[in-house]
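Got a structure here, written out as structure tokens. Questions coming.
Labels run A, B, C, D, E and F following the written order; every chain starts at residue 1.
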Amino acid sequence: MKQFEIQNLSAWYHQNQVLSGVSLDITLKTATAIIGPSGCGKSTFIRCLNRMHELSEGARLEGKIILDGEDLHGQQIDPVMLRRRVGMVFQKPNPFPHWSILDNAVSGLKLTHRLKHSDKFSIAESALRKAALWNEVKDRLNQPGVSLSGGQQQRLCIARALAVEPEVILMDEPCSALDPIATARIEDLIHDLKKNYTIIIVTHSMQQAARVSDQTAFLLHGILVEMSDTNQLFTSPKDSRTEDYITGKFG
Amino acid sequence: MRKKHTSREYESELKDLKSQLATMAYDVKAMIHDSMNALQKKDIKLAEEVIERDFYINQIELEIDEFCLIILARRQPLAKDLRFITIALKMVTDLERMGDMTVSIARRVIKLQKMPPVKIPDKILLMAKSVQEMLQLAIESLLESDATKADQVLEQDDSVDELYHQNFRYLIKLMAQNENLIEPLVHLQSVAKWLERLGDHCTNLAEFVVFKVSGENVRHVSRAK
Amino acid sequence: MIDRACRLICLSAIWIPLGVLFILLFQVVLQGSERIGLDFITSFPSRKPELAGIYPALVGSCMLISLSALVAVPIGVGAAIYLEEYASKTAWTRFVEINLSNLAGVPSVIYGLLGLEIFVRIFGLGYSLLAGALTLALLMLPIILTASREAIKTVPKHYQEASLALGSSKFVTILQIVIPLALPGILTGSILATSRAIGETAPLIVIGAATYIAFIPDGLDSEFTALPIQIFNWISRPQKAFSNDAAAGIIVLLIILFSLSAIAIFLRNRYEHR
Amino acid sequence: MFRSKIRYCFERGLIAFWKASAGLGILVTVSILFILLSQSIQFFKQVSFREFLFDTQWTPLFADKHFGILPLLTGTLLTSSIAMLTALPLGLLAAIYLSEFASRRSRIIVKPLLEILSGIPTIVYGYFALVFLTPVLQKIVPELAGFNALSPGIMMGIMIIPLICSLSEDALFAVPRGLREASYALGATRINTIIRVVIPAALSGIKASVILAVSRAIGETMIVTLAAGQQPNFTLDPRVPIETMTTYIVQVSMGDTPRGTLEYQSIFIVGATLFVLTLAMNFWLNTTKRGMK
Amino acid sequence: MKQFEIQNLSAWYHQNQVLSGVSLDITLKTATAIIGPSGCGKSTFIRCLNRMHELSEGARLEGKIILDGEDLHGQQIDPVMLRRRVGMVFQKPNPFPHWSILDNAVSGLKLTHRLKHSDKFSIAESALRKAALWNEVKDRLNQPGVSLSGGQQQRLCIARALAVEPEVILMDEPCSALDPIATARIEDLIHDLKKNYTIIIVTHSMQQAARVSDQTAFLLHGILVEMSDTNQLFTSPKDSRTEDYITGKFG
Amino acid sequence: MRKKHTSREYESELKDLKSQLATMAYDVKAMIHDSMNALQKKDIKLAEEVIERDFYINQIELEIDEFCLIILARRQPLAKDLRFITIALKMVTDLERMGDMTVSIARRVIKLQKMPPVKIPDKILLMAKSVQEMLQLAIESLLESDATKADQVLEQDDSVDELYHQNFRYLIKLMAQNENLIEPLVHLQSVAKWLERLGDHCTNLAEFVVFKVSGENVRHVSRAK
């Protein structure tokens, strides 16, 4: 089953084309990693998938993105509604600083006026459990979200994204601000989450891509060079440019 | 209590690899047992079955190899984990080769069928028993990360070699006594050779386990004496 | 939809003050245009509105401001450096810091009172150029100090560490690394303080500004007048015609201020872009 | 050797100068306190504390001298309140526009324009209030006197807008972009994001800007001196002339009042009151700022 | 030959002890890596070696550090002079923004009044060559240092440290702000530099430590757990805590 | 032009590994050559020398193993590099085993000395020649990353097997004709067996090279036919 079908996607910032004709499919309930050198358009690519791209200045795109059979840029798709189906986790952990852990966990519902006060606690608990954070915070739910450690904050951000019950979770280098221990925790979490969600993760670290993903796409200068099964891509890639990149021949 | 990897997936991958190796080794052990049974009982069908089973052993070798490659690519193992993966890569080769040897034995069983019957010397049966014990010990030492069991394997190999040499002289004598039996006896000598080699491969397995557990390389040390 | 409405409401909030600014400028130019000219700048004040000029006020303002900047800038910047770089964080220095930030919020008339009592009366300087300049310098000091401290604080710590790790002393590091990197902030702070001081009227009145001076100050102890005082004087006259003089004076004052802001913006851009 | 000696002396000298400069700051505060206090003591030797606080008339320059601070206080309060009523909504909305809606280009243009507004000397605003705004308001508000609290109050508000706008905008703009994106990514609309995420995150900065603005309005002198009249009326009616504390100080200073007289001391007691008020605001401001960190 | 002998080094920030009795030797002209989880005192440790530690507030230390036979805290050692012998490169590339590439390269001499104008160019060239940056910048020496890319800036910082002719170069996570390509360049450079300098490098990445160093020290909660030959430490560490850490058993 | 690794150190490590493997293989080839020479010329000294040289082969095996482990730990190789390291780990085992076999041959030379002389069958000499060619091809295919040369090795192994079977029947016949010669002929049969196994090991080497170059696993595929 396909979650996303991306057809011939190109994207620009002002005159500057950063994605050229990217076509790929993303399978339901798998983890897909996007790798590539800095500035190759990884972030831009996933920001297209929840229409965050269009919020940037001078941003423009062409091509088709089909989510669950629906055109993402179709008339009946409201970008605000779309973003509830396609959650996102950012590079730097960024819980809302003025809210408690509890409120942060349900912030997606708070912000969209869908929170019944009676449900608040149970929703927060379930989201925090899914994000493997519940046991660490259950005794301090009313402390501010920023009082947590970096890795915990990032899991809180994941819980926040889970609470709105998305189908897809986009992650833009979710571990690059974390130490190896926190990183291992998040990677394990991703491994659990992909049973229920479609996950697309951008990462600088090939090793991380190899660890967490089922499929890996390699982008170079905005062009999709190769998308393969992760195990295959890292042991015997098809394209020699992929081979060069993953074996460290950058020259 | 042994500490676990923070990444549960990794932990389970390593466990998987270990149990796959053990399963393969048990399969090989069963093949040794069955091929020797076939030899004793002149059971062609069993011999053929052993030959067939080698196909799966080959498959498993390839699978474990690939699995190791994937773990190396995905996890960048270090220290004990790294040693484990590299010995796994080597152990499957040994195990596969051991499978081949049981096939060779089984083939001899079929060939012997068409020749004048010979009695299987006790020494050969003893060797077979010893080799199976060694393999069992090697598997246990792997599963339990127990270097002392591995050491026992190394010791036992010497007795297998001794049996082989005694058997060799005995067979040569037999051949000289009865020239009709030369061909089947040469085949039996081959079987003995395979069993001796099986013992050597068990030794290899045990040496690898020692390396994994302690980081110490005992290869070519034990043999030198 | 709601987004658009909000955007519009917010946008109007921008246009109201800007509109007032434009009307103000327009009004001033309209009233002052008939008086403004070379004569106006080179003439002394007069009882007749159509002959009056701002020559002594202009010169007075310039001398006053140069003098106070000369006093206030080195002291303000120096104090900022000391507090940021040398003072250890004891309770005493915290007290000093709170003090200084409070000074920035003291109304300017109070500085007038201070100048009146200290410089005019106790030091016996009388109503002189020096007393005026020192009073304004006091007023500028906290502004320069806060801006400079802010500028020094925003110089990332790792530059100083880098310099120290190369084997340079703390003093050289401050001189060669900290001050150059904080310079845009220090400069804009100083210019901002100067513009504030140019337009200040109240403290000068409080220390006893003479309202009618028809000569150019010839020394530090000489009496003087300044542009805002001259303008105040004209506004306070009942005759309508003096109101035009005031407008013309305001035009001159604004031109000076805008030039200063332009310089500040220029400096900021120039130093920040590298 | 010689050069390094010079360098050493230069270094010692400069550091000593910096230290002295920092000390000067204290000296200024101490002198302010000292003169205000000493003159006030002189003042209270002749006027009772009770009268000062509760008398509703302030007529030191008349023959029938009354020294009740209340009229001056209400005058100050009135103009400041009007100023804040004008400046607060406009300043905040403008700040929100600049940080949330404006393109980078218009932000670069508009911000300096607003800063010009704050750089214009108060005497110019006073002139404008007197010459332009009061006549205009007189057409709208009946019974508006030529000198009144309304016109200078609004003018002060206009003057303060850039202060509130600029500081609040800094606070709003400093809210990390990631926080906004996180909110959008959770399916929030722009308005929701502004109201529930951006403003709360910038709240202490905004609060600081407001306190600063109030303190500025209380201390403002020239606008009220020129446009509010110089009559200490004990009233909250914005249409009639009033006098603020600052105006009183200027008014007395324009005459030549000899040192040691009661009038001379009265400006110091008014100054002291003003100082105490602004000092309170400043302490509040500082605690708010510290809360920000 | 020993470059540093560190005996029983303990360090504090205020009441908080962050290093406890660390003793180790660092060999001349080798690369030593310091690894350990976040907050274990790695940065503090190397900052002790050029006496930058004492510049922090509340910082204090005990124990002995011997550089080339001399006690680092002895009477005749001037910390300012010491820092010319023990250079340092920081986590974030930080060339001085107000100076050109050329001036940055010789900034160490400029800042210590040791620069003859006639030597400036030749010193800069030699330092930039050693830092493998010369070819990339030789045509733009007068452009500001911050106009370079991140990896180039970091090499400029290395050049700056080399220009004062130190014996030792301390590096505190020098690649953590860089992408994999720039990282590979810097690592290669470190490999060249260790022929002539003693290098001590703090790094979050065990892989990087394994790649660049000859010796590796593993710190945990301010205690030196193990210091071994790098190849040995990463293939068969002696201490089980090291084993657990490098195999990702953080639990 | 082939792209190089951005890290020059890594590039040179991989090159080193390759040349170490090739050197080891050439050493083994020389040992095959010398042991067969000793057999033909009954040159005990040469045989003893071969036996001694095995010591170094064992050393080299351990060294390359360790080197591979270090590269895995330090570089986290991926794709072709990773495949290379894993096959290197396996190739050294094969090469070491091949060294052991030349030792076995050399030992037979010494034993044969004390027995009635037998003529070395041509088939055995042919096999030896063929095996050396195969090893040469395997080395070249590794050095040149050339899969076609590796394929040639696989083909040639079939002819070696054919020779072995022919030789086996021939030797059995000889034994039946002359019972004095049974023991030396059994030893010759062993030599033939070693040579056949040497061929198999060359095949392994070639299969590994194919895997390295193309990522395709041809093990158990070629053999299946």
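Operating definition for what follows: a contact is a pair of C-beta atoms (placed from the backbone, for glycine too) under 8 Å apart; a residue touches a chain by one contact, two chains touch by 3 or more.
Since we're looking at a predicted model, the values are computed, not measured.
K.L.:
Taking contact as defined at the start, I'd like the list of chains shared as neighbours by chain C and chain F.
P.N.:
Common neighbours, chain C/chain F: E.
K.L.:
Return the chains shared as contacts by chain A and chain C, ordered by label.
P.N.:
Both chain A and chain C are touched by D, E, going by the contact rule given at the top.
K.L.:
Can you check whether chain A and chain E touch via the same residue numbers (shared by over half) or via different ones?
P.N.:
At the contact between chain A and chain E, which are copies of one sequence, the residues are largely the same (over half shared).
K.L.:
When the C-alpha atoms of chain C and chain D are each averaged to a single point, how far apart are the two points in Å?
P.N.:
The answer is 16 Å.
K.L.:
In angstrom, rounded to a whole number, how far apart do the mean CA points of chain B and chain C lie?
P.N.:
Each chain's C-alpha centroid was found; their separation is 93 Å.
K.L.:
Just the number, please: Cα centre separation of chain C and chain E in whole Å.
P.N.:
Comparing mean C-alpha positions, chain E is 47 Å from chain C.
K.L.:
Using mean CA coordinates as chain centres, what's the chain A-chain E distance in Å?
P.N.:
Chain centres of chain A and chain E, defined by C-alpha means, are spaced 35 Å apart.
K.L.:
Of all the residues in chain B, which ones touch at least 2 other chains?
P.N.:
Those would be 6-7, 10, 66, 69, 73, 75-78, 82-83.
K.L.:
Where in chain D do residues touch two or more other chains at once?
P.N.:
189
K.L.:
Would you mind listing the residues of chain A that make contact with two or more other chains?
P.N.:
181, 184, 206-207, 210, 234-235, 248, 250 - these are the residues of chain A that touch more than one other chain.
K.L.:
For chain D, which residues are in contact with chain A within the complex?
P.N.:
Contacts found on chain D: 103-104, 176, 178-179, 181-189, 192-193, 196-197, 200-201, 203.
K.L.:
Considering the complex alone, what residue numbers of chain A touch chain E?
P.N.:
The contact residues of chain A facing chain E are 37-38, 179-181, 184, 204-207, 248, 250.
K.L.:
Could you pull out which chain F residues touch chain A in their complex?
P.N.:
3-7, 10, 75-83, 214-215
K.L.:
Going by the contact rule set out above, which residues of chain A touch chain F in the complex?
P.N.:
Residue list for chain A touching chain F: 206-207, 210, 234-237, 242-244, 246-251.
K.L.:
Can you name the residues of chain B that touch chain A in the complex?
P.N.:
6-10, 66, 69-70, 73-76
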